[in-house]
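The next part holds the structures, each set out as structure tokens.
What follows is a pair of complexes built around subunit A, which joins subunit B in one and subunit C in the other.
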Partner chain A sequence: MLPARQRIGAYHTSVDGKLGRSLEQIYPVRHRLVGENFVQAMASAILEHGVSRSPGLGDYGAAFPAFLSTFRPVQSLAYLTDVARLEWLWHRAFNAPDQPRLNLEALARVPPEHWDRLVFRLPAGAALIASDYPIHRIWEINTIPTPSHDVIDLDQGGIRILVWGDGHSTRLDLPSETGWQLLQAFASGVPFGELCRQDFDHSGTTMAELLPVWVQCGWLRDFVLQEEVDP
Partner chain B sequence: MADSNIQGVGLGLRPPHYADILSSWPAIPWFEALSDNYLGGGLPLHHLTRIRERYPITLHGVGLSFGSVDPLNQAYLKRLNALVDRVEPSFVSDHLAWVSQGGRYFHELAPLPYTEEALEHVAERIQRVQDVLGRQILIENLSPYVRFAGSDYLEWEFLSELARRADCFLLLDVNNVFVNAFNHDFDPLAYLDALPAERVKELHLAGHEEEGSFLFDIHGRAVQDGVWALYRQALQRFEQVPALIEWDTDIPALEVLMTEAAKAEALRSGRPVP
Partner chain C sequence: MNTPQTPRAVVNTAITGLLALGLVAATSSEALAGMNDCGTSKHSCAGKATVSGAPEEWVYVPQGTCNKIVGGTLKKS
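Up next, the complex of A and B:
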């Protein structure tokens, strides 16, 4: 008969295994970048510090990028924390609730005197991430089969990414400078009237031209009038 | 909800098999989806929705934490209810376990003391969940590695009385009974005989691992001979109850699971075992 200590230990081993596998699934790129042994060491460290507040195993690991930024053994890999942030956002977008396309008929019914108060919303689970490193290339090269001669230049400059999904696929899009500014404004709930008055560099493109394109590509998924925005 | 549209031997639905299922639509009578994997949405729920169009589905979860003294997680229950509305599963099930304490989740199915107090507590929580979901649910037996001193009931007595008080059904994991009987030295047939047959609506089959003189329920290998033998006994006791092949770690190709399911079905229907 197994001693009680070993029986309790079996639960400990099982929990470690489940959470470790969960981290591997959410952060496959990080896993490939640092290797199995390093991942085991990191998993053990985060398991000692992490507290899960959700019944969903998939929710575990939200704090991992922040943990990584303080984990001394990886401080020399400056891009690793940003890659982990990207992976977490991808995981969130991948599991975000389905959402229909923006209701154009409802939008057309908004009287012109209320247009100033229109607040357009990004898809559920969408997020913006900026990095000093080409983390989208690091992500792609480690998740999508590519020729082995692909080389990533870590000094190629910063990158800005919109991570989003439409219920069928999850995407990493690279908006223009103007697009980035507008996406940030939409993500912050800035109403349409204020957006039109702000001094964005539209590069010759008007807001009236940009909006239909963004609705069409799925970046704008919903709208409310300003008073209806949740506090 | 005593009747269901599932029959025969189904498979646990796992992400590595989505592509095979969605391209070949294999001859599998039903799938059991892990509800916790579909509470968000996105691509997993999209896949499940497509599979649901062709197959009956049951939902099996680990997050209701019936044995915990934490309040029922209403946000989780609301998401589960929405998933049930969308998928319209034949059964909804969870475990006789607790997975949280003080709002901290440890993602492991922890066992309960089989006391009168625990029985009252769990039965009341199951009833509340059933009220929200508007249906009777199935409760699955665990393979606890520890037992508590001072229990008022044997495990099978506890389960039987729980099903009666909560007016719920039972999901009998045959592998867990086998593992428990070995680890805690009791007669597994006594376990089967004691359960109310009319309450047992589904069987689970899975593999375990032996380490020294102890068995561990790991769901990572084929069903072993001893479990197949006990399954035969369970079929005599529970007759046409549907069964499921569960495989959660080191998941093999779909064909391997289908071979296991074919064996379980052959035993059910009295045909030669492949």
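Up next, the complex of A and C:
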């Protein structure tokens, strides 16, 4: 019979293996970028870096992008941290609860005098990410099943991405400059009345045109009424 | 020439237009995109029984598709 220390050690290595495998599956792009040997070596370093406080395996890996930003062996790959951030957001959006479309019947019950206080919300798990690098292209060519021969030029510039889940699909959308500003405002919980008072450059598009389109495409999924503040 | 709308009018026009769409409030009951039973949606529960030993012996040299990414200063602005 094995000594107690070795029996416990068997569980230890099994847990380490599961955690390492979780990281590989949450971060497949990183895996293809740096290769199998590097990923395995890095997994060991991550395990020594800290432990997850969440009972859910799906939460393991949240700290990985921050870890990467300090991991000296990848400092020459500055875009890798942003790619990892994108992968984590994709993972969160993928696993977010499904939501129905915005309930227009409920919206119709809100008296017009309260429309100023409407706070429209993005889908659960949606997130906005900006990078100095074309991380959407790096993500794209490293998620297709067959190896791509495309070469990514970092000098092509940065990108702004909305990561969100729509039913069974998870999407990376690239909003316009106006779209980005408005999405940030919606994500920050800015009430609709205040948002309409802000000086956004709508590029000739009115809010009355934008709002239905965003509701239809699923970017705006829900609403609440901001609490009234006593004067 | 159009007169700019007041913020209140912008709100009213936008919400009225949205309601006028008559969109069906879909109450999807589709299965969740993800699963919460065991790790992430893409994970099997089967972890590795072992991990590679002696990590300090690994040479940290990325050898994946990162060699297809060129240009840039490789520094955060």
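Rule of thumb we're sticking to: the second predicted complex is superposed on the first by the 218 of 231 C-alpha atoms of A that agree within 3 Å, B and C clash if a C-alpha of one lies under 4 Å from a C-alpha of the other, contacts with A are read in each partner's own complex, and residues count from 1 in each chain.
Going forward, a contact is a pair of C-beta atoms (placed from the backbone, for glycine too) under 8 Å apart; a residue touches a chain by one contact, two chains touch by 3 or more.
As the structure is a computational prediction, the values presented were derived from the model and not from experiment.
Counted by residues of subunit A touched, the larger count belongs to C, out of subunit B and subunit C.
Contacts of A:168 after superposition on the shared chain: both subunit B and subunit C are touched.
Judged by the touch definition given at the top, the superposed model places A:4 against subunit B, while subunit C stays out of reach.
Of the two partner chains placed by superposition, subunit B and subunit C are both touched by A:15.
Look at A:53: by the touch rule set out above, it reaches subunit B but stays clear of subunit C. Contacts of A:100 after superposition on the shared chain: subunit C is touched, whereas subunit B is not.
Touch criterion not met for A:189: it reaches neither subunit B nor subunit C. Overlap of the subunit B and subunit C contact sets on subunit A: residues 14-15, 17-19, 21-22, 56-58, 60, 94-98, 165, 167-170.
Touching subunit B in their complex are the following residues of subunit A: 1-2, 4, 6-8, 10-11, 14-15, 17-19, 21-22, 51-58, 60, 93-98, 124-125, 165, 167-170.
In the complex of the two chains, the subunit A residues touching subunit C come out as 13-22, 25-26, 31-35, 37-38, 40-45, 56-58, 60, 73-74, 76-80, 91, 94-108, 112, 115-116, 118, 132-133, 138, 141-142, 147-156, 165, 167-170, 192-193, 196-197, 206-208, 210-212, 215-216. Contact residues of subunit B toward subunit A in the complex are 36-37, 39-46, 62-63, 65, 73, 76, 99-100, 103-108, 110, 145-146, 183, 212-214, 216, 249. Within the complex formed with subunit A, the subunit C residues making contact are 7-8, 10-15, 17-19, 21-23, 25-28, 30-36, 38-43, 47-52, 55, 58-66, 68-72, 74-77.
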